[in-house]
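Letters A, B and C mark the chains as written, and numbering starts fresh at 1 in each.
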Amino acid sequence: MQFFFHNKSNRVWLVLIIGLMLFNIWNIVVNTPMVPDQHWAQKIFYVHVPSAWVGFLSYFIVMVAGIMYFIKGDEHWDKVGLAAAEIGTLFISLVLITGPIWATPIWGQPWIWEPRLTTTLILFLIYIGYFMMRAFGGHAERVKRYAASLGIIAFVDVPIIFVSVKFWAPEIQSHPQVEMTSQPPGILIPFLLSLGIFTVLYRLMLKYRIHVIQVNYKRVADV
Amino acid sequence: MFLTLLKKELFVEFRTREITISMIVFGLAIILTFAFSSNVSPVIIVNFAPGMFWIMVLFVTVIGVHRSFAYEKEFDAFSMLISAPIDRGLIFLSKWISGFIFLTIMEILLFIPFYKFLMIDFPIQPWLALGTTILINLAIMVVASLVSGIAMRARLSEVLLPILLFPLVSPVIISATKISGSIMRGEPYALWDIWLLIILTVIVVFGLVGYTLFDFITEE
Amino acid sequence: MLSVSNISKSFNYRSVLKDVSFTLNAGETVVIMGKNGAGKTTLLRIIARIMACEKGKILFQNQNLFDGEPSIRKKLLYIGHAPAMYTALSAIENLTLALNLRYIKANASKILDRLNHFGLGMQANDPISIYSQGMLQRLKLAYAELTDWDLLLFDEPFTGLDQDGVALMDKALTQWIKEGKTMCMVLHNMERAKQYGDQILYLNHGVMESL
């Protein structure tokens, strides 16, 4: 099996994304305006929201891969599902870390059961179960089907969890910065840029991870 | 065919009484623990009673539903069901409905001990409480049966079942606590209709997903 | 009747069946032999749709077993090592349930008659958890006789039987062959394999060889 970065287009993408990411950080730190009463804390949103977007997108891909695995029975979709689950959990962890970092100075405490963060936390716990199933479930071939079905029900559950958590503690507001579309262009444009760069980064990460999983499977199967 | 399967679930349980008895005894043990750990102060408990009740139900559900799938593995009995020329979704439906029946029986029997041991008043509208409880039981069981079906053949199934079930079922537990609390305080329906809608959504969505997925996950 | 092509199955990436193919015509009996762990039981369980496999296709009566309606399997009967019955229920209750699940009207007196024939009449109402290996084997035989099948997958029919039991089993198998029924059996004894089998296949570490 070929080394992932022997492929020229992958190399080009890697260099491009490193460049874009450096530009993104510089842009966020230097160019974006300060929000009056939040100062530096607000800037974490340029990372927090794109991470959440990529995380949920990734879990959506886990569901799609699960459905495709059942319809086609093709091993490839299992690898896509596993790769997306791993990367999704990475970004969801970032959301759960950056959220409290923002909340500590603004709300005075790291965690107040804000509905979006709560939904994310519940989803994170479901995915810990998912990886436990992958690790402790038994025969790898059997576990693939269980993992695919878990990926499907986890994402199907997301809207239900979100609605219930939202009405559970209505006195807690969603964080105001999430309504990014109503922001002035000075904030909106760098934000959308960051969102785009994170998505491109995610695409390369997913491709790389699928490649690694394929190589690993081959190695185990050859022994 | 569904009735044949359901009859089998009920008949096996009628013979052994494993599931219902373990559920009831475990439920009693939980009530006792709640009473000891909350110092039985009616003023405080009345606020937490709905939550305590549904925590008890959730724990008891794990015991029951795990047993309901575990006995299928004795003598490879599950092979009889999955090699039969029947729609496997029906196996899921029969597990769901039978589990729902066992859970409801358990709640009926533990209802009085729960209120009496924790020294709280009965709800003002018993019929409303009963109706909503039945819907909530259906919702808890549909998620539990699906997760248990996924976990049943896994190694460590008894550990994986609660770990996967609790976060997945959290919308139901939130709704159940809110509904019971509202009924105990005698609030009008308009204040808690959203929770009933969430419960119904869970029943429909997980019912359909479970019915479809069972064809893929029951095989060894 | 049955056409198995390129079935592959592995447990934790260890291959148990490698591209196993064979065909079975109506009225034929095929005997599968092989060492312990060669994948014989796995193969039968895959055909019965109890186990999933990674690759391959199975046609039963010209219909794809893997993505057709469940009713395709109506005339396919699998009898495995374990009885595949509920320990809490009696022989009669188990048989009634198993027959109902195959859309066969179960008649209590007919079931009892078969159980008597195989020497289980006295224990017909006892839970099968107290049955011995030989009694379970007789119970499976009664099940096969009561079911209306076109293809029987039988995993080691002779295990655990006493002298009388072996005679009963032999009689039943011979009778089925005479009636022109189709069977696929796992056996360990070469003489028996030659006696019943039109085709003898040998599974060697997951690879099918014919003898």
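Points to keep in mind about this one:
Basically, a contact is a pair of C-beta atoms (placed from the backbone, for glycine too) under 8 Å apart; a residue touches a chain by one contact, two chains touch by 3 or more.
The model shown is predicted, which means the values in this text are computed figures rather than measured ones.
Remark: the per-chain Cα centre closest to the mean position of all protein Cα atoms belongs to B. Chain centres were defined as the mean of their Cα atoms; on that basis the chain farthest from chain B turns out to be C.
Chain centres here are Cα averages; for chain A and chain C they lie 49 Å apart. If each chain is reduced to the centroid of its CA atoms, chain B and chain C end up 37 Å from each other.
Centre-to-centre, using mean CA coordinates, chain A is 32 Å away from chain B. Contacts with at least two other chains are made by residues 219-220 of chain B. Residue positions of chain C touching 2 or more other chains: 52. Shared interface positions of chain A, defined as residues touching 2 or more other chains, are 142, 145.
Contact residues of chain A toward chain C in the complex are 75, 139-142, 145, 217, 220-221, 223.
The touching residues of chain C, counted against chain B in their complex, run 45, 48-52, 70-74, 76, 78, 80-89, 93, 97-98, 100-103, 127-129. Residues of chain B that touch chain C in their complex: 1, 4-5, 8, 11-12, 15-16, 71, 74-88, 219-220. Those residues of chain C that touch chain A in the shared complex are 9-13, 52, 54. Interface of chain B with chain A (complex): residues 146-147, 150-151, 153-156, 159-160, 163-164, 166-168, 170-171, 174-175, 178, 194-195, 198, 201-202, 205-206, 209, 213, 216-217, 219-220.
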